[in-house]
Every structure is written in C-alpha cells, then in structure tokens.
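First the structure, which I've put down as structure tokens, then a few questions once you've had a look.
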Amino acid sequence: MTLVTFGEASLHLAAPDRERLVTADGLRVHVDGAESNAAVAAARLGVESVWLSKLPDSPLGRRIAGTLRGHGLDADVVWADGGERQGVRYFERGSDPRPDVTVDDAAGAAVTRLAPEDLSVDRLRGAGAFYTTAATMALSRDLVRTCATLLATASNAGVRTAFGLGPRGRWSPEAARETVRDLFSDVDVLVARESDVRAVLGRDGTARELAHALATAHDFERVALTRGDRGGVLWEDATCHQRAATETRVVDPTGAADAFAGVVLARTMAGAGAAETLADAVAAETLARTVPGPLSTATAADIAEVVARMDDERDRRSQ
Amino acid sequence: MTLVTFGEASLHLAAPDRERLVTADGLRVHVDGAESNAAVAAARLGVESVWLSKLPDSPLGRRIAGTLRGHGLDADVVWADGGERQGVRYFERGSDPRPDVTVDDAAGAAVTRLAPEDLSVDRLRGAGAFYTTAATMALSRDLVRTCATLLATASNAGVRTAFGLGPRGRWSPEAARETVRDLFSDVDVLVARESDVRAVLGRDGTARELAHALATAHDFERVALTRGDRGGVLWEDATCHQRAATETRVVDPTGAADAFAGVVLARTMAGAGAAETLADAVAAETLARTVPGPLSTATAADIAEVVARMDDERDRRSQ
Amino acid sequence: MTLVTFGEASLHLAAPDRERLVTADGLRVHVDGAESNAAVAAARLGVESVWLSKLPDSPLGRRIAGTLRGHGLDADVVWADGGERQGVRYFERGSDPRPDVTVDDAAGAAVTRLAPEDLSVDRLRGAGAFYTTAATMALSRDLVRTCATLLATASNAGVRTAFGLGPRGRWSPEAARETVRDLFSDVDVLVARESDVRAVLGRDGTARELAHALATAHDFERVALTRGDRGGVLWEDATCHQRAATETRVVDPTGAADAFAGVVLARTMAGAGAAETLADAVAAETLARTVPGPLSTATAADIAEVVARMDDERDRRSQ
Amino acid sequence: MTLVTFGEASLHLAAPDRERLVTADGLRVHVDGAESNAAVAAARLGVESVWLSKLPDSPLGRRIAGTLRGHGLDADVVWADGGERQGVRYFERGSDPRPDVTVDDAAGAAVTRLAPEDLSVDRLRGAGAFYTTAATMALSRDLVRTCATLLATASNAGVRTAFGLGPRGRWSPEAARETVRDLFSDVDVLVARESDVRAVLGRDGTARELAHALATAHDFERVALTRGDRGGVLWEDATCHQRAATETRVVDPTGAADAFAGVVLARTMAGAGAAETLADAVAAETLARTVPGPLSTATAADIAEVVARMDDERDRRSQ
Amino acid sequence: MTLVTFGEASLHLAAPDRERLVTADGLRVHVDGAESNAAVAAARLGVESVWLSKLPDSPLGRRIAGTLRGHGLDADVVWADGGERQGVRYFERGSDPRPDVTVDDAAGAAVTRLAPEDLSVDRLRGAGAFYTTAATMALSRDLVRTCATLLATASNAGVRTAFGLGPRGRWSPEAARETVRDLFSDVDVLVARESDVRAVLGRDGTARELAHALATAHDFERVALTRGDRGGVLWEDATCHQRAATETRVVDPTGAADAFAGVVLARTMAGAGAAETLADAVAAETLARTVPGPLSTATAADIAEVVARMDDERDRRSQ
Amino acid sequence: MTLVTFGEASLHLAAPDRERLVTADGLRVHVDGAESNAAVAAARLGVESVWLSKLPDSPLGRRIAGTLRGHGLDADVVWADGGERQGVRYFERGSDPRPDVTVDDAAGAAVTRLAPEDLSVDRLRGAGAFYTTAATMALSRDLVRTCATLLATASNAGVRTAFGLGPRGRWSPEAARETVRDLFSDVDVLVARESDVRAVLGRDGTARELAHALATAHDFERVALTRGDRGGVLWEDATCHQRAATETRVVDPTGAADAFAGVVLARTMAGAGAAETLADAVAAETLARTVPGPLSTATAADIAEVVARMDDERDRRSQ
C-alpha cells in the first residue's frame, strides 16, 4: 500500500556546531518539508512513499529531488523553469537558554504557483493514504486550493486522508484557523503538535482533552498529538492513549514532529493498534531528535529497540 | 576623500572544492554585491569607503553588514523588517570544460523596495566619488529610480560619478541598454567588462575602439574596460591605454571585475595617471581571481608587487 | 526503455585535498562500482536505470543503496545478513608526478557470494539493454557464473547486451583474458579502455585497429574504446569514428571511464548514430573528470554544451 | 555616547569538537581580548564602541582588526612593523571532568611595547566611559604605565572609568594586587569575577560582602561581580543586588565574563538601574557561554528574551 | 621496565558530529585495537610500551604504525604484502536513547594469519609485563595459538602476564569462555569489563563478588574490573577495592575500557598499591570518554587532577 | 647507521584551500623544522633518524614530538617548562601571481635557550651522520654556540657532518655569511638552495660553478644544491652532476628543499653514488611539493617510480 504526500520542500541550510547564522562561515545542506519529512519516516519503515511537488529545474531543485529519492521516496515532481525560486530555510541550533532560530524564505518558491490542474491525480488512485499539511497551504492561494482539492479527491476516491495542522509560522493562528477548519470534513486522521492545536484552534485543556474534543467535533478516525519531549497522545474510538518519551540528548529537533506524523501514517496504514502506533511514533520522534537534519533515519529495528527501552524504563519506574 | 557606493548585496553560498550544487553537502558563506565588492577593493587601498543599502534586520542581513564592516566598509544600512527577504547567490566553481554556475535569487529582496526618499543623501556631500551599477538597477523599478536619483544628485553636487555597466544576467541586454543610456549624461567614469559593453550597448570592435566610441559619444572622463584574464584598457583624454594580465591560476573568479572597478575608482580619486590606474586595476583583478570568495584582500603592497612582476615579464618578453 | 545493470559497488573512501592515505585525518565517502557508475551516467540522461546487486543489511550497505537511489537508480538489491562484508575502495588523488593510489578491499564482500539463482531475472524482460563488467566477475567464481548467466539470459531474451572489459586490477590480464573471451558470443556492445584492451586481450595497434579487430573477430554491434584524456573511438558497421577530448583540469578521474560507458549505452539505446554517441560519451567522460567522486552529475544539457565547445575548438584548429 | 576601551587582543586558536591540542589537526580562528570582548558585547547593544590598541601590520594583525570591525568596533590601531609579534591564545575545550586548557602566548606581542605617548588621548574626550583591565597591564611595564595613564587622563577629563580586575593568569595574585590597588582612586566602576576578587585582593566572604567591602574601601560608583554559572551581584549606593543564572548548556565559556563586563558598561552608560543592569549582564554572560568563540553575538532582543525567561523561572520557583 | 603487548589494530572510521553511518559524507580516521589502546594509555604515563603485530605494507598499514608511534608506542610490526587486508571498524556515536553503532570488519585482516613462529619472542625477555586480549584471539585460529604461545612464553620467562577478557563482539560468549579459560593458568593479572565477566564467564553477583571468585578460582595476582561510568573494582591479596567514577560528559566512549587496562598495567608494573592503581585507572577511563577517538591522551598530571577532584567530591558527599 | 639531527621545530599553521591568513576561519596544523623535515625524509627511506631539540612541556610541545615520532623519528627532546614558548610559522599558500606568505614567530621559543651543555652528546657517538642548519642557528646566540659545538664534536668523533645553509629569512645574508663560514672547516657535506648560496655567500655563477667553487674553497666531500622546480646539482670528487626536475603540479612547496637534503643525507650514508643520490633527492623534493604540509611521505618505492619516470621523459626528449 502506498502513502501519497503532497507538499513544499525547502533547502535547509544549517549553521554547524552551535554557531550562529550571523557569523557561521559554512552551512550544512539538508532538505526540509513537512510532508516529505513524514514520507521519509514512513519509507524507512518499508512503506512505499510518494511525494508530489513542484521544483525548479535548477541544481537546487534537482538536489531536493535527489536527496529525497536517496532517502527512499518516489519523488514525482512537476519541473518548473530553472529560473524560478527554490525555497530555503536557514537554521541555527540554539543551546539552552539560547533558542533555535529559523529564517523561512519559501515565499514565492516555484511550488507556490502550483494549481490543482498541474498535477495528475492518478497517483491517488488505490493509495493507502494521502497526507498534506497547513505548512504547505500557508504559502499561497494556489496551494490552499491544491491541498483542498487533493484532500477532497482522495476522500471521494475512498483513500484515507491525513492532515498536519502546523503552519510552521507561515500563517498567523487566525489565518490558519479559518482555512483549515473548512477542510476537516475531508480528513480522516489529524496529526499535530499539542501547541499548534492550542494556537491554531484556540482551544484549551490537556492533550487528551484536546484530542477528544477535536475527534468528536470533526468525526476524525484518529487524532495524534505530539507533545515533543513529553511524548504524545493518540485518540481512536473514543479512547485516548497516552505515552511519555524517554529522556533524550537532543542533537537537532528539526523534522522530529514530522517523523511522528510519518510513523502514525505508516502504522495506521498497516492496521496497527492505537497504543502500538503511538509508541512507535513517539520513539521515532525521539530518535529523530538525536540526528542532524530533518530527515528520519530510523528503521523499524531502531524504533523497536527504543520502544522496548522506554517500556523497560516505565516498568522500572512503576515498580 | 570618501568613496560612496550604493547597491545590493547577497549572501554568496559556494559549493566547496569543485563540488556541484546538486550534490554538495556544505556551502561556504560569503557576501557578494557589485558595489560592495568594489568598495572593499578601494578600502583595502586605504580609501574611506561607504556602502549604502537596505537589509532585513535578521541574522542574514546583519551578517552581510558585519562581513562588509570586517572588510573595511562604513556600511550605512536602512534596516528593513526582519521578515523581509535577503537575496542569495548560489555558486558552483567549474573546472574546464565544466563552466562555473550561478543561481541568482535576489529578486524580491528587501533592498528592491528601497525608494530614493528612504536614503539620506547627506553621505554624498563632499564625497570624492559615487558608484553604483546596472546589477542593482536591474532588480526593481524602485532601484532604477533610486540609482538614477543618486547619480543625478551626486552629479549636481559636483561629486565625480561612476557607473558599472554589467547587469549580472538580471536584465536582458535590451532592457539594460534602454535604461542605462539615459543615465550616461550624469556619469563621469564608466567601468565595464568588455563583453558587457558588446552585449548591453550592442557595439562591435576592439576594446580600445569600444572605449573610445563610448567616451566620445557620452563625454566620459574615463572609460575602464576589463577584458578578464586578458587585461584591460583605460581611456582618458583621447588616449586609450592597454595592459595585458599575467597568467593566473584562477581559484575563484567571483568579484574580480568588481575589484578592477574598485581600484579604478580608488586610483582615479587619488589623482593617479591613466597608465598607473590601469596597471593597478588589472593587478587587483588578477589577484582577486586567486582568492576564494568575492571580496578583495589585496593591499597596496600586494598590488605593487604584482604590477612589478608584470612589468618584469613584459620587459623580458619584449627583449 | 530500461537499462538493467548488474555489479558490485564499494564504499569509496577518498583522502581530501591531495592528502595521502598514510596521513589523512578524514576521508570523504562516495560509492563506486563499474556498473552503478555507468547506470548513474545513463540515468542523468533520462534513461530508466536499474542496478541489481547484493548488499549487507547494515548501515554501510543501506548507504550504498541510498546514495545510488539519490543519483537516480532503481536499486534492486538482495539484502544479505548485516554481518556480511561491504567492499571498500580507498582512494588517494595524486598530483603530477605523484600517481593516484587505490587500495581495493572488495574481496569477500557480500556480493561475492551471489549465485545466479539468487536473482530474479524478471528485471531483464523487456529491458532495452543489459550491462555488466569484468570488474565484478573478477571478485569470485560465483560472480563469474552470475555475470555469464545474466548475459546469456539477456541475449536469449533478445535484450541488447553490453560488457565492460576492465578488471580494475582485480584479475591479472591472463586470468581476465581466458574468462571474458568465453562471454563474447553473448555480447553485442563492448566498452573498454584502450589500455585494458591491450592488456587483457594482449593485442597491439592503434585504438581504431583494436576496435576493428575486436568487432570483426567477435561480431560485435558496437565497440567503444575510451582513450582517457585523448578521447575515444567507436566502431559500428565497419566504420570506426574517432573523437579527441578537450583539455581538462582533472579534479578526480574516478568513474570517468564508466561515465563513458554509461553514455554509450544510453545513446545506443536511444538509437543515436555512432558519431553522436561517441561525441556525447567523450564529453561525459571529460565532465566526470571535473567532479569529485565516481558518480556522474552531467545532464544532457551539460553534455551538449561541452560537445558544442569541443566542436568549436576543432573548427578553430582546423581553420 | 561612546565607550572607549584600551587593551591587548590575541588570535584565539581553538581545537574543534572537544579535541585536544596535542592531537587536533585543525584549529578554529577567533579573536580574544578582555577589553575587545567587552567592547563587542556593548556594541551589540548599540553602543558606539572604540578599541584602542597596537597590532603588527601583518596578515595576523590585520585579521584581528578586521574581525573586530566586523563585530562592530571602531578599531583605532597603532600599526607596528609587520615583523613584530602577534599574541596567540591556544584553547582546548574540556568535557567534565576534563578541564578547559589555555596556552597563553601573548608575551612580547607588539602591543607590549606601547607607551602612553604612542596613543592620542583625543579619543577619550567626550567619551561616555573608558575601560581597561589587569589582563592587559600584566603583559609589560609599558602597559602598566599606559593603562594607568589612560585611566588617570579619563578620570581627569570627567569620563567615567571602569576597570576589569582579572589578570587571566598573566600575573600572580600578589603581583596583580600591588599594581591594581594603586589605580583604584581613578576607577569609578569595578568589574570582576568573584574568584578574581578573592585571589587578587586576598579577601574572603560572600560575593555581596566582597562587593560591599570593595565599594566602601575605594569609593566605587558600582561594583559588578560575576559568579559564572551562578549569576552575579551588583553594588550601587550601598545596596547590593543579586541575580542567579538560568541553567545553561555551555558550548564555550571563553569571553563570557567579558560579555558581562561589556553589558554592565553599556547599561551603566545608558543610565539603567542597578537591578536591570545586573539582569542584562547575567543574561549576556549566559548567552555568551552558548556560542563558540570569545565574541558576543547577543542583541538587545536576545538578552531581553533570556531575562524574561529567567524571571519566569524565578517566579515559578518562588510560587 | 617495558610493557610488551600483542594484538590486532584496525582503522577506526567514525561518523562526525552525531551523524549516522547511513548518511555521513565524511569519516574521521583513528586507530583502534584493544592492546594498542592499552599500550598508548601506559605510554602516556611514561612506560616504555611495545606493540607487536602484523600489518599490510600499504598506506593503510603504514598509517596504523605511524599513528601508534606518534602516540608513543614502539611499534614492532611484521609487514605483510601490501595486497593483504587491513581491518576496519566503522563507528557511529549515538545520542540517548540512540545507541552507538559499531560495524566490525577485521575478519581476514593480515594479522589473522600471524603464527607464533612469525614473531621473535626476544622482545618478551626482560619485559615488565605482557598483555594481550580475547578481542585479538577471536579473529582466527592462528591468533588463538599465537596469543596462547606468547602468554605461556612470557609466563615461563618470569614476565608478569595480563589478559583482557572482552571479545568485542567477535566471539560468542560461549566460544570465548571455552578458549580463554584454558589460558588462565598462564595469567597473572586479569582486566575486564564487569559485563564481559558476566557474559563470557557466565557468572553472577556484584563486581566485588565476581572479582573475588575469579581471583580465587584462578589464583590471579590482581583482577581489575571496570564498571564503565560507575567506576571499577580491583582485587588483590584477598581484598577488593572499589571506586566510583565522577559524572562525565561523554564525548566518545571508544577505547575507554582499554585506557583502564593500560593504566592498571602501568601502575601495577610501577609497584603502585591497589587503591592507587584503581583510582588512576578509573580516572584514566573517565578522561578517555571525554576525548574523540580510541587513544588516550591523559598524562600523569591529567590523571592526578581528576583523582584529586574525585576525592574532593567523595569527601564532600561523605560530610 | 643512524642520522642524528639537531634543530628547531615550529607548529606550522596553514590557511586551507588557497585562503588568506587575513580571513581564514581555520588553520591546518603541521610541524615544520629544517632538520626535522630532513630527518623525516631520511626515515621514510629506512634510515634510523634521531632528532635532538628542546620543547616546552605543554600540549603544543608534546604535539611536535608526537607528530615527528609518528613520522618515524626518534625524537630525543629536552623538555622545558610548559610556560615557555613554542615557535609557530603561519603559512598562506599563494596562487600565481599571488605569492606564498610565511609569518615566522619562532623568536624566543624554548629551544632558543638551549646551550650545548644541555644536550648529551652521546647520541653522536657511532652515528652515520650529523645534520644541522643555519635556520636553527639564526634564532639565538645560544643556538649558534650549540650548533657549532655539535658540528665540532661530531667532526672530532669521526662522524660525517652535514650543514644546511639557508637561514629561512631569520638572518640577513650578511649576518648569516659571517657566522656560517666559520663552521665550514667542520662540515663534510653542504646542502643548500642555489638561491641561498647566492644570497648568503654573495657568489655569482651557475649552480655548477657555485658548487664547484664552494667545494674547492672549503674542501667539502659533497655539495648538493637544489634549484627547486628546475632540479639540482651535486658535486663530488671534482665532478658536478646535474639533474632536471619533471613538471609538477605544486600542492605545497613547504619542506621540499628539506626533503632534498634528507635524501642527500640518507643516500650519502648508504654509500650511493653521486648521480643516484642526486636523482633520488630531486625526485623526493618533487614529490614533497605534491603533498600538503612540510613532512615528506615519499617511500623508496615512490621515489624510484618518479626517478624512472623522469629518466623516461629525458630519454624521450633526447631522442
């Protein structure tokens, strides 16, 4: 079964070794995108993962496609003229109490002028799931229309649809709220950071309460909320499972929440139960924080090992 | 005496060690701008050099200003909101017969929305010279207006004005031609690559013929044309001086023509004769090709040493 | 139409910056294999390229697959136990008169225990061409058998077969000679270095004479011989085309002859004429020498530009 | 209002990535000096900061000046002959329980032969404050005389004077004690590490007690003592304010105490109250520990964010 | 007095900066071997340390010898043909909860075909101690025989013999158990990780109990067990000393247990008491964890400083 | 037979990748000394090579010793207090016409206070040759005395003595001339750059004439002059052999003339004829130019290969 994703991807240029962007002499090159990150995390678990997008036919655009293919994606790209923009994200890793800094420069990228009719929707047919996010929609009116169309098309075709709520700072919470709510009727699985739920949907309460409220209000199949280093919750069938994370030495948090999303999707598609899905997703997010760059390298074996270790810790603590 | 320059500057992100942008894992960070490059070259010769521009108040914009100050410029910057764009140039050094590759992503940068009235023209008063280029004008209508206004203001204030002809691929020759010709009445010193003169002005002939034709048509004080690794010519008072370059092991050609321009300005301001000005400018351009990145590091002593060496070579050859 | 290749691939660990293996503190990681290099060169021209092989299911083996996928291959891999060996090639770039040094450590790699029956031959069906080389065969008796079987199977199935003659120092010329001659009846296109033809087949004469002799003796469809920085020849239909190379600043010669092979295959599959095929292959090999590492990054546009430049040079010289 | 500083600056050569000097193959280049570090920290807050010193007119000396200008200083340098020495500090970052290691090689640097009469004291006129330290004085008799003369001149000219007590291991506590006490009558603001006060002045007691004793004994306007990762105290008008630091992941402690000093100066010059000055200085020192190299990159906004975070923590703890 | 060691050494290729082997673009080159690591740790304390082994006469083999000589060993090497294999260990540093990963590729290395008769045993004469380990024996039958012969020869010659128990994952515990027990009659000092004792010898109990049981069963002179970050125990004369380790920021754990072994040997040879030997060994192991790569850089002074610090901590805690 | 050398060694800190010292962000660490470079070149040919010197007992001094041991020297060092200076040489590789730049900072290093009586002269007894140079003598009066004493002692003990003439810019030619001439009665073999002979000895003529004049004036056994990339001459027994060098792609010229000296010594000690000695020395110098850093890595096999290649070229040219 295939996971089809659609979204924007940027060059991710990171200052090395806790240096600051204002003085760093070199930048490490990665690739970052909410949907492609999730698709890579799923592909590492053996899921056939397709990524639909638009890139300039320039060394920068071809690099994006090459890197994602090297991480296992079937990158099905509409190639724009090489003179169009490739989005960039500059990243500076902080060190407590100095926060991480991101400079987002994706506005006007080639992908922002992708209309629904530029894509063949054939790839959706027979897919196991479809995934897109507010981070992509937030970039242009064209992308709002394209994401909405793809969700509706997938939903009508009987494909399980999933949506990532976080706008990555590209939309104000108010702008996001208005647009994303309209989509929820076409969405089966909602994945989000707890903090984005509060901000975008303007809701209060514990993670469990938020998941429950969302699920019942919009009739979702599953709602998976990551709480970062505090673990996550997963709602299904009126039950909300909760899972803590183990203590982690964070190397780079970029893309960790997307790894959570990707594993939720992969495990949901494989028919895994809610508790197992959540445990694997929390472990994958934890592992993603220990690796430089936004792309997950965690295999099923890596995840199983961390899940077992977390179970052990929990058992020890509960004794 | 002060050299005042106005122009756009980009982050210059270069793939290291002859790697290609499509696969390089890291990028070296430099700063690149036609006018700031020239101003740095002049500052290295002891000229007080001012650079006027607009930058986003972000780590990227602050980095541009910091690097240029570290290379000796008085960077007098209008700070835009930190959310505005910072232009970027990606660079891949070729290796014969593989050509150098540049991906220019300066469109929409904060500076492109700089109107003449955003700048105080006080800095022009009493300046020894003012310099701007078509590469900056080519970025927006606002910048066409700002460059033209500054040239006119300087000219009216009795400041020697200089103009760099090359649009750096941002304008078609036709677009450039139309606009820059209108400015020539306000320009005293024209600096250009020989190839840009041919392309932009649509003229034929040898470098000497081009310089002569331009000078007489527009009543320039000096016309300095660089021919790259073949040296350059400098027209003054109806005489056109010519100078060959010594053979060079090119490390990075970026910014070399701007170093030529900067030294033409510095030596012209200092009242140096045409032959001496040309010799120093060709030497500075040659040296700039031997150093990574767009910014000249050549001191007066470095240049004098190369000029002497070139003179020796010429003498030997002419024996 | 699909190009199917079969062969061994090694980690390629290269000392950086002209350092020597005996003192280098770091090594750059690439992937190197005669067939995968050729397949990548073909993929860059838009040919659907499959690479069949066996790798250990370890971080090293997965890295090989990931890198090749990132360069556009469909890597169809038999996964061996993670405890099996991954072959390595250590490489030290020389500087005249200091020669390049290679330390080959592929003996006993997982792939050397790949028997014909471990592979599904389905991938051959309907393929446009099949390619393997003596460098793979030289590693084990199993691989001799597997390569021979695949060539025979392809040939029987009406797939155009191509063979690379060079054993990469893994076989003595005598050992190679004996084995490879037996295969020639199943081979349509022979690709080789001129020097390997002399050494392995023990023949004398000019490149043209060698190509002609081989083609007529073994009834090949095409014989393409690269002469390195001196260009190459391509024999077809009793005519031997010759092409010189342009002067090149060599960054890294690794994999250049494989790029020649890959482009010969791609262009042959596309029905290109002999002269055009040769011109593109020589250009691709030339470009491959200007890039670090064994994998070609040359697009069709890159190659066309160099071919045009070489044509210009030739025209100028012949005037 | 301008902050004028005078002092020695060294190349700071640091082993990367927790490597040891005895084996590191590369060194990162920074610039380090007690007064220039403080001046940079003040400049980042918008204070016009002048640094007076002497450097050899060599690539090393010019590099020091360039780097400091790039970080915002007005570097007003007496240029010595290029053959004179440039001081160096080698630095090895430890990892608990392995301590940091510094090898100081500044003895005999060009600056050590700077007599008071080599400097124009014009820069002091109208300055908002003047700052120098025992680390500079400790390098030569000439520098003792120069620092003392500058402090006296500033004091006589009505400029607020500030002094940094720490000799950076260049003086024995006894040697330092004798000399620095003579200066205290010309000093308005004393800045020091708590540990240096104990060692140099041979006093016991808590930080508050030390600050109080010093202030009353020498009639200082302000005494600011940093306690490193435990925060600091600031005495003014018979009141001693105290501030704890938030927990920090230390990347590089070099220059952190100087950032504390620089912010004490900047805020004192701006007329900030004692509590506010101390809070900002502790935050700046904390941030300086999270960045590689001795130079502060903390803007006013960065500092305000950390102060707010520390206030929040304190509030939470006190609930 | 001389410490003679015999054992295998591999190239140690480590992914930098917490990157993973599956994606790292570069590898850092170190040298790793249980006995050579121990010999280097001893040499840093001033012990004349000999390392006997076999290496291919290739750049790789010569590099191993050069690096070990640079760290103070007298490397007395049997040079094999340059075409033979040099063993390699690939290493990926984890980040909690992601574990460290090692890929061991030493099988078939030149050293594995070293028979006892290839070595001159003259180096053993008059030696202060001889040391070898199960990690070397586990590589081949030849090496089992060579290690056993050397232990017996040394023992018969009255040289104190020491043995390291850990097979480094090259032997199953069962395979190791059988072989190593046969040697114990020739061993005076046993050094091991607590965990290896449990696994290899199949014993339970606390570290103290294990040491005691081993010592009495096999009549060892000393048994030194490291417990990693929890310190270690040392049994002598029916008394088992115990020592905790101070908290450590682990940079790279590779080779730390070997540093423990090396210091146990150095201090035992120097006649140091059990408590002092253990304190120094625990301190050396702690320091080795704070440095990249497997080779100890800790001098006697470094160790004394950490021992003093640990004593202070203990005193403070016990107050 | 042992080669004993005495001399100064510095840290050699080189800007990477053709960057300039004025802007390079990192420096590569090497070790450089006229005598230690020569001793390393000899050791690579299998000569037992001793290096006598004095170093500070600091991480920097220990690093010098470790690196030289790693390159095969028996480094017999007088350890000075860790607070004494370690000499440094900063190096910037040029690119034609930009020259290489060296900043020498060895004055006042610990070794400059080494008196003859600090060294045991036992190492000279039975040595095959002794070597020191003017570059060491030029650093202090103590070193003049020490070098002269060692030469005299060696000469009296019947040890062949060799002297390197070049002061490395540390002495004016006049200062050097006066001192070194006094030593010539104790010198058997003189090694020098042709240019140093002209400068230091104030002589004119071709290299052959210079060698002849020196040899007859001072009764030298051999005089070996390197002419850099133009080869060298070697005078013995009234005959002056000459040898051209092959064309070389120069990576780093540092230490190349010392490699020439080291091979002259090694081959002279081994009784090689003049022509063979010269051919090997020119080849070694040529190879040294192709490797980063001052230390030769050329084995006897490397040299033989280049000699054969040069012979071939000569034969071809002479046909």
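Labels A, B, C, D, E and F are assigned to the chains in the order they are written; within every chain, residues are numbered from 1.
In the analysis below, a residue touches a chain if its C-beta (ideal position, glycine included) is under 8 Å from a C-beta of that chain, and two chains touch if they have at least 3 such contacts.
These numbers come from a predicted model, not from an experiment.
Since chain C and chain E are copies that touch, is their contact same (over half of the numbers shared) or different (under half)?
Looking at both copies, the contact residues mostly coincide.
Report which of A-D and A-B is connected by more C-beta pairs in contact.
A-B is joined by more C-beta pairs in contact.
Just grab the chain with the largest centre-to-centre distance to chain E, centres being mean Cα coordinates.
Of all chains, B has its centre farthest from that of chain E.
Could you work out which chain's C-alpha centre is the most distant one from the centre of chain D?
Computed centres place C farthest from chain D.
Calculate how many whole Å lie between the centre of chain A and the centre of chain F, each centre taken as the average of the chain's C-alpha atoms.
The separation of the two C-alpha centroids amounts to 61 Å.
Centroid from C-alpha atoms only, then distance chain A to chain E, rounded to Å. What do you get?
Computed from C-alpha means, the inter-chain centre distance equals 45 Å.
For chain E and chain F, let me know how many angstrom lie between their CA-based centres, rounded off.
39
Would you give the residues of chain B that are in contact with at least 2 other chains, written as numbers and ranges?
Where chain B meets two or more other chains at a single residue, that happens at 16-17, 20, 22-23, 25, 66.
Would you mind writing out the residues of chain A in touch with chain E in their complex?
Going by the criterion above, the answer is residues 16-17, 246-251, 286-287, 290-293, 295, 297, 302, 305-306, 309-310.
Tell me, which parts of chain D touch chain F in their complex?
Those in contact with chain F are residues 13, 16, 20-29, 58-60, 62-63, 66, 85-86, 88, 90, 92, 101, 103, 105, 107-108.
What residues of chain F sit close enough to touch chain E in their complex?
66-67, 69-72
Using the touch definition from the top, list the residues of chain B that touch chain C in their complex.
Where chain B meets chain C, its residues are 17-20, 22-23, 94-99.
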